[in-house]
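Have a look at these structures, which come just after this line.
First chain A sits with chain B, and in the next complex the same chain sits with chain C.
Entry: the complex of A and B
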């Protein structure tokens, strides 16, 4: 089925479950608890999509960009691999291991590649990231039947059509160990089964799982197009992923600032702020108004250092956070957190627009990150 | 010479209802009605009636009906009544046909072929009576990116934001000059803009000293005639607007006849009393885009870089390319005026045949600026035929930051769109300098009517936004997915950047 033919609507509409779990010391654990947790929210999904993002799963290739790919047919694979060879040193290429699993039918060809951009094609690290983004855009837009699940380092996205727990078993996630896991179960109302349309969405390190419908999608997308992001999937989750990339990586804003853009405080709140803060908030809304995510959403945005939970400014979708020692949890519902961690005592519900940020305290493979603080924002400390 | 013109309107008077109070006689500046004492009856010279309905509205016994003259010319699709009457008129006068207000020809009104979206099930609609709904809009150039320094709790903005206009509702009053309209009409607009947290525009006629106190809500125009442009005028404004063109008469200058140049207008415009005020068709210091850039920067420099500068053009075929040049020339706001935009006076043939509908120009300009990655560097304000809050919502969803309303504002003040503004005899006290007529418009009442209109439209905009599940106007701006076309061709849909309903 052609990608264009699949998405006749402006965007997808879906209700969903989201769950994220992070060990802030960077200690790795397998996918089992995350599968258990997302399965506990079964009625939030309908078997038309489930997926996982896992960070820290490929320590032996930590310096290489790992592309998780899906192909509709062999021709797409050949064309993509030829493209990869023209741009990258292909250090590894293998089938993603799967097992037969009831409820997961007609999988596409699933491959992963460990890639190093050709040195003569890029200059600096920033260039490298842009280079990889362009490669992702090229594959998604130009190569019929090929789609990039994920393109980050030491991480990967596993997703498909089915209930999330079945997708987890299908991809044998109990065999992987990561320090951050994010999961998603879908309840789409208008998307026919296409594996690429499941969550998480990923670009470079950034992954997004999302519950909601972004009513501002039309302008969010047009704004991002000005910066060269081509939204091929017609999903609002995709615009969140690209928005994160633009704001944090390209514009160098902080996560708090990003939250102030995606779920901006009301003008009446801004008007009551002290002058300098008011000036910053006003400028953020003036400049990035087109990236305000309007309408109901809760998201978990993650990269190799952080896991961020956020709901819309008037909190139309649920989100719960939990903490137990080194483990941070963000979930659509509270029950699954207790299900996978029965000693956990501390949970709280963030306000609309208030980000929950879990950050690696010490990342084994990121020595420069040592000493970074765990930032968590209790519900009472609202900007 | 015997005139072959037929009366445009017939005045029916119910003699049984008429109490001979002579309100109609006193109210009609066109001298249609007169009272004959001997017969104790009121008569009408219908050839003079313009159909402004002032007499009908004020008649205490509803004794009057003014209706279109039903007399038929010989049926002919080519040589219609209007065509014939125009030719008779010109054969009798040898003059250019003049008219007022906006184009009244039945070009497609795209607003009426576009429908809006609403949320159902997957996304809750929002009730604006119970939840916040934000219409605040800032006009002006926005940076590509922000740099924010400092730590949480002590943030500091390191990117300088250029001056912005803050609107509490995305509706402003269009440029209408003192001269084209009365002082009382100007004051009504100024007071309403100040009260509603928005802006009105002086047009090219300068700013009366008494209205300087509303300067924070005034956009001062600099047009080709430079009437009333001096340091104080620039200083007092909230923003400046260079008027290149106007939707009612693209490519044409203006002409305020000397009889309208009273002492006050003479002082405000800085021209001798009783002389014609002629606005050249082009600015004679702007023959190219780089000349425009010079004027923009001259105005910014003259006002210490404290005010946004808007550039207003008529919507013409290549507006998109022109707008792109204007942004690169330093314009902070692009004002686009469509073919249905109003005027105090314009040659009929120009008004009705030059320019393009604002909807298409807006879509094209917004698209072009986005394709070039410079949409953030200027706000887009559209004018020319915005008739309702639904038009405002559709304009914003197509890509406008805000709209200008001119005709709608004058209608709120009493205008009945008789299109005779150029005669200076406006019975509603709006488009006239005759003190006997202009005192009919009380600025306090006028301001109240305008504020009511803005409030009403704002409430309606909030309802439509809430229905779409959106609680801030910026999430609607350029969000064309919330629009659908009805009965439009593929080409029209492509230009508007919207899908057909059902798709």
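Entry: the complex of A and C
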């Protein structure tokens, strides 16, 4: 079936909903509270997309890349599996368990694979990640009817067309336990609602959920193509996921510098900065001007160790953060945070362009991370 | 690890009458149901409506044209008191975006913080926020003859305060923590596009923090006499020391012109 014919483009204006919840000690909990939270913001979505990213859900396969796959037809599945076998040791392959759920219709074939890159094909750890990115691009671009939902370790993305709480029930998320959960309710305004276009968008460990619209999508996409990232999912948010992978993993920039690129301060502000800071900002804008995200956005970017909240520089989309003991929250609205954590009293609204970073106190699977900075919030964030 | 989300704390939608008051358990109610119940109670002429377990229901108090008292326990959703004409709303936690959107008359008192676009297009009545507010507070607030909206913010404000402001009065006290000292505001683009109304800031801003269309001067004693009753009202709700607050210096931000864009589209 032609993708264009699947779902009608719905051009109405509202906001999506985003919600993220992390236990900074790496203790795992099931998907129930996140489903409750995202359902509380139902007004912000319209049933044309919902999804979740969960970290820590496959501890028994923590060393393997887990590919969550969507197939339009059996042929796509066969072709993809053949491709996987040529590049990876396939340690596990199974249908993603689902249940019939009202409001979730015509799902594609949904499979997951636990993969180990063939040793004779890659040399180093870095190469392995690039090797996996290339595999994702190959499937998305070359295999008709096959799309990779997620490709990280010990994590997975569950998404589809429907309200997010229905998608959560459909994928039986109460049966999974993770230490970071990120959720999205979609209200598509400029692009169609289809299974691959639901959020989160993922590459390796990186997942992105997004409320807003990236009017610089064209420029961002062409820039990312130069580095081998091919956008195939017909939704602007895809460029953020690849941009994050490029800046943080491949170019080794800090989260703060990534925020300075995505949500760069206005030139008038840069002009007022002390000389050293001005130089840094100027250099970043000159080098990475094509990754400036223009237009209104609030996003939650997550990986195995971090959950990052960021809005555009003049905060045209809402974002609120909360903290209670070991739990960190980032949300479009405040009420759902209180709904799932009624004893919470500490919430704040970040400045536009200032990232909120929640970090695992001790990465459960990588002990050398012990003692890493917990949460870094600039004083100016606390309004 | 297990996290229990209590889905069954009390029956939703239960409507209890006690001494001329109505109590509603809002848990799991959609805002339409909830607001229909609130409107029905208000039109009966009850004096006070208490809403318990409010988590994000939108438009509470919206469009009601009676001086009913509405007590919100919880976090009300966006557009609290939108278009309302008379009710007095209090909130015991934080509020979200759009508090008092195009409100006509009445009172909103928030014992916490509010989100973005507080008092957007507000036309009359009063809003008191104990702590800070997000972006674009008082955007396009307006006034006409005896209708003069008043917004008092106890804490800090983020960028674009008073954007396209056309009338009314905003007072920002900058009270923070225990010291309650005067603050240096961080907000940028204050009064961008402003063409009416007045903003008083208890604290300092640099010139570049003001929008092109706004100007700031130190407030005179006469100005302070004018805002004193509203600061005292704030202190009455939240237990602050009005005399101490009024002992500080205030800045008065006003519009440079009543028609800043007059030449923009006219030939």
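Keep in mind that, in the parts below, the second predicted complex is superposed on the first by the 359 of 383 C-alpha atoms of A that agree within 3 Å, B and C clash if a C-alpha of one lies under 4 Å from a C-alpha of the other, contacts with A are read in each partner's own complex, and residues count from 1 in each chain.
Simple rule for what comes next: a residue touches a chain if its C-beta (ideal position, glycine included) is under 8 Å from a C-beta of that chain, and two chains touch if they have at least 3 such contacts.
Owing to the predicted nature of the structure, the values given are computational and were not obtained by experimental measurement.
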Combined model on chain A where chain B meets chain C, clash or fit: fit
Partner chain in contact with A:296 - chain B first, chain C second, else both or neither: first
Chain B versus chain C as contact partner of A:333, first or second or both or neither: second
Touched partner set for A:32, first chain B, second chain C, both or neither: second
Contacts of A:356 with chain B and chain C, given as first, second, both or neither: neither
Touched partner set for A:314, first chain B, second chain C, both or neither: both
Partner chain(s) touched by A:135 [first = chain B, second = chain C, both, neither]: neither
Superposed model, angle subtended at chain A by chain C and chain B (C-alpha, nearest 10 degrees): 80
Contacts of A:264 with chain B and chain C, given as first, second, both or neither: first
Contacts of A:225 with chain B and chain C, given as first, second, both or neither: first
Shortest CA-CA distance in Å separating chain B from chain C in the superposed model: 5
Residues on chain A lying within both footprints (that of chain B and that of chain C): 268, 314, 383
Residues of chain B defined as touching chain A within the complex: 119, 121-124, 126, 131-132, 134, 136, 138, 142-143, 145-148, 152, 154-157, 159, 161, 164, 370, 373, 375-376, 468-472, 474-482, 499, 503
Chain B-facing residues of chain A, complex: 8, 10-11, 13-15, 189, 212-213, 215-219, 222-223, 225-227, 250-254, 256-257, 264, 266-268, 276-277, 279-280, 283-290, 292, 294-296, 313-314, 316, 383
Of all residues in chain A, those that touch chain C in their complex: 23, 27-30, 32-33, 36, 40-41, 43, 177, 268-269, 272, 314-315, 318, 320, 333-336, 338-340, 347, 349, 351-352, 380, 383
Footprint of chain A on chain C - complex, ascending: 1-3, 5, 7, 31, 54-56, 58, 74-78, 93-94, 96-97, 113, 115-116, 132-135, 155-160, 186, 188-189, 208
